[in-house]
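We just call them A, B, C and D in the order they show up, numbering each chain from 1.
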């Protein structure tokens, strides 16, 4: 636990070609004086991996860098994994154009989705594509680097992580997500207003967290020992607090600010159920049947649909890191987690792990989100404070839907996969129409679902 | 166990003024040579009770009668219960016009219900009215006749029965329903077609049953040792089997044959999930979000909505039993159950009881429907054959909604009652609209919800 | 359900060479006019099987016989099973001289056992020998006659039955034991005394039963609707009821009446825990650490140890059925069970089955004893009335010990088998002495534990 | 979280008159620059409390002191608790002479106990005395200082802590024990030998801990990232490692070094079950039936019985703290825990809390020992790494015995208390002798069991 120690490690980075995650992680590594070693990049998109090599090398060559990692792209998954102490998984299961199947086909059947990568028909189809890939990852990891810690960033987070454990129960994997940070940040701003104080660091906002990834809830929140829930209750009881935010939504839509909201959905959960939604409104709205009967209904909460065509457009235009820009911390926790698991500084943070007691009301083995204690080669979930029973009911249902999808994907069981579809809160159309929708979706994505019957 | 024995018993019949149940039970009693004794009728509607006295006396005076019971209407609940060996509960929680709140208000918010007395917003509101009454029943029963067997026929069946146990855990109560008989009858007709045999008695159709009342499923069916599921699978795979039945529905609507259907919903469950719905389609359709997005959608399955105004009209015009009509068995099982509990003839039948192992995947204590063994002063549930996991998931959710409603009614907790509303599969409207609907419903029924805040 | 039906079946009888069971079953079959068919006897002791053929043929040729079965001994297990509708398992896992290891070796280490074939070190070692044989049976049954009903009579009953399910989860097996009948008979005699009535048939004594085989308890008992527990409580409160019965024990010992007792242990459970032991005292005494610190202690309860040398002597001298003796019902229920499973007459009786809800406080999957409903090709456990919590605790512990032994036998895991030994209530000697005892026992029986390290 | 903060708190110290705990805690407080405030001492032994005031004042007046607390003895429990932020419970439930009932009476019946304050007949009787006192504490705490953190040091630790929660479920209490530290210290010494390094601080030995207090197990141990279990396995496999240590025991006995052992019992658990006993041998030996059949048997493991007469003698002669002695840290963690709960420095340590998921195999609600995360006004158990199943079985049984004792004490149910006695692993004598022993024990302690029938 002395700062002077410097650990030499190999990190395998799988996927991540077209995303900001790899540069962020490499920048954070470069700013960490306690680490050194090598990064092996593997992506089925070779060009993307090569581009990341260039970015990575420029980062570690940057004058701000306080550590050095060599950066190489490798040809085979096994080469990346061989000898790795840490494995980062951050892939796109199929080209972005597949989001058409995830989003546009359901929409034609009247099922709107704000994100469609975690839950709902889109999340399920994405899971069906990703799970077999994750099975392969799990098996190769246990062959090449069974002692490595595996950090998953891919969505659907819970199901990808669950697929690793389903294939290899002894794997040391967990899923990470920054949505909870956003809730801390939102509360930090409120603290600043309420207590006329500078906006505190998000880490000063203490939450009691439990749920499934992207459908996580804070059953308590405090700052500096002050319970924030009474203040929040006051705030949401203000007459106009839940006024129609359609105007905001329309402005966001025309400005293409898809990811922005006012947290009204998170606060609606707070008002109705007593726990604060601890993810973005776009995510929260998809897990229950109340917010998405129509685009108009959604707008009322200030939330907008992210259009499919924009997603395709954006992927094509994502610009790379500017090499001369100063290195700055990303705000992500990946490197802090690596530090903790190396024994450099213990960390308590929210992670996604198979449930083995941390949230007693949720199914055993389901991948759930809670705090965990990260320490030298140890990752132990902390038993979460209980959620309000009715919130737990909604989360349990999601965990059950995911359990069915996982089982269906594992056995390529088309009927079970459809039963999981029907159990999803967003699917409230007649069963025969749902069956047609499901067929269309599978057919569209069939090249990426090789083991399934057409 | 000798047929020659004749047991003398007192039966307390609570409610039942305006329904066919009391005459049916009395006719069945009159046809049973093993029983004799007295029937004490108690109804807050004194006229209705008096009318039943007249009917009852004419039944036991009938030349077909093989047993004698005296029939009296009493002024106080305690008088009816005092010394009773059996208590029959069959009440209407509030006047029929309250069904307006149960059915019409939700409909204005876009929530259609085919029955609305068991589940959905209507079933929940009805439960909020009935549960306090059932608490009173339970307490008076434990004071007046703690050893009596209590048979409940009132809907919502599960919640009324659960309310008895919540108030008095030592009560000897169970709920009875004949919906499963209808499934046996439907299969008996199919057996006749398939095997060119006369239609067998419904009791010859052996089902494996599990579920919540009105949302019960057969995971197996056989006749004469022949598994009927392969035949059923063949039948539902016929190309036109699930063709649009809207024409049937329209014919039913214009003929006011509200209770009729083709079983298409029951078979749709069979096709999609592998277990046969074992209740009428009108009931099954309400427990899931797929069949009721619109009246048109519902008609497609051959099912029609029972209109509120017809219900009111019917109640006004219900004719009484014709005194000279011959006595014939009702097809109900109440008297067989009384026989069994007196030790005259053991019986295995489906009943509703708090779960204590009979359906391991459903919550402990929730009132569930399964087979049970009835024997001299003994009622023991039989462990049900497992349901398909996805069907069990849907039933579990219903059991959870009911658990919330029960808790809310017990503590008059308005917020929890609303949370239960939101958890119901039929409620998929925005939360603020749902809150307005809930307020309207409570306000309309407020005279029958005395302990609740307006 | 018409008496006129006659079912033609094949019964495979496995083992049973040297026991009374096969003649009993054949006599009961011969007295059943509803059955006919063939019996295939298979025993690794060919001579014993041949002797049973002679006995069987004489039974079916007897003038009292009302049905006919052909009786053949076959050379291979598969031949016996092929086409069988029922399989009876009743074997001795190794020669009687192995009881030396089961009984005498533990005794040298200070561990007395009254029976030693179900629990304790002896029961465990016998299980280690029997389980691999039962795995073979299960696999061959699922190959040769997967739809057959399998009735096990071999001890350790729970573990042999559990081994069938562990090897083949879809097997239709259950274990049968008549110990509960003895409790009914004891109570029938008391009823006769208490109510000055002729001794009623044991079936008229209604018990609520739950437990593990040979460690089963009645949580209620009634006759003719009269609760017998108040009478029992009075009886055991009589000042001298629990007086020292050593004299009885000594008389039994010298008369070699090993199986006789006064039920004092069963009644001691009743007095201390509120549930009546529903098995013979010899069995009950072995499952807890209180009755067997010394032979003298045991005698105090009127119970005696069955000596090893007598067992060997008896096996050598067992006489065969006298061919001219009239056929009389055995009092066993095997044939009634066959009737029920053929759909001839439903039956409710106590059987041993994997727990899936019938005794909620015991481990899921453990083979437990409870009532079950037997009907045409159906066997469904009835949810047992709850045992007193402390009794349930003792049974749960036995179920846990058995679970460990089953797992150890399944994987031939010597360390786990020893851990199970140490968890047995009878093993209260130092761990190193226990380890030596375990080694000696394994070594003695090593020829019958082929897959284990010496 | 800045070191410069100084928190002002009131600590209520209940009991502790004659023990070293109060001086230790006060010394640790005096050495903490971040704290200040007042200590209110309450003891039914007024003299003892007064003596502690003198000691306490001398400590805070000491030149080594870096903080100041006022120290007062108060007359009434409520005065001590009023306004307290922390409550320390450390009482003796009845005079030391009552240990006669706990230890000597069982010994006359052949039941030896090494400690007799946690488990076994002695632990149970002590629990029966302590639980009503703890109920009173809980109720007064919730009245006087419901937000205070309550730290219990009294044995039986689990049951005293459980009694607080049974009486007041919303209480913020936990139990603390240093036995695990001893295991860390033992391993630290071995690390020093094995790796030729100075003895590391015990905190550097990382254990995975789970169990019930004094019957806790390490399922893993590491130092500096090095797994220590392979080394331990080697060590215990050394031929003479488990040789007879009777000579050591005899030496200890004659030198009155009762608390000393060689850890052989802890290592025997490791050898037999794969988890290392993480409490002193004196404690571990009492929870299973293998080590205490006789004093000789116990000596074989190098462990000795602490005689009752010495305990009495010692209490009379306990000397007080020497006022001029330098202040030194006690090695206990109480003050670190206070720091953590004030938000000064988060701490992960082992505590005793009602199980709500931290050890999934143990009963819900039972007070179990595991790691927990202590943070500003937060105490959350960490989900423990799974114990070997057989060890968990032994712990579960202890938790069940304790659950019975708690229920019996709460309702003053003599029969249930005796059933709990019989379920204890040490009680293996005939039930009638056990009943006599139980009667004698209750009679001896009857003045301290006021609500019980004689």
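Some notes on this structure:
Basically, contacts are C-beta pairs under 8 Å (C-beta built on N, C-alpha and C of every residue); 3 or more make two chains touch, one makes a residue touch a chain.
The structure displayed is predicted, hence computed values, not measured ones.
Common neighbours of subunit B and subunit C under the contact definition above are absent. Chains making contact with subunit A as well as with subunit D: none in this assembly. Across the assembly, the mean Cα position most removed from that of subunit B is the one of D.
Taking each chain's centre as the average of its CA atoms, subunit C and subunit D sit 45 Å apart.
Subunit A and subunit C have centres, each the mean of its CA atoms, that are 56 Å apart.
Every residue of subunit D that touches subunit A in the complex is listed here, in rising order: 206, 208, 222, 225, 343, 346, 348, 356-360, 364, 371, 373, 375-378, 380-386. Only residues 242, 268, 272-273, 289-291, 293, 297, 300, 389-390, 393-394, 397, 400, 404, 416, 418-420, 422-423, 427-432, 434 of subunit D touch subunit C when the two sit together in their complex.
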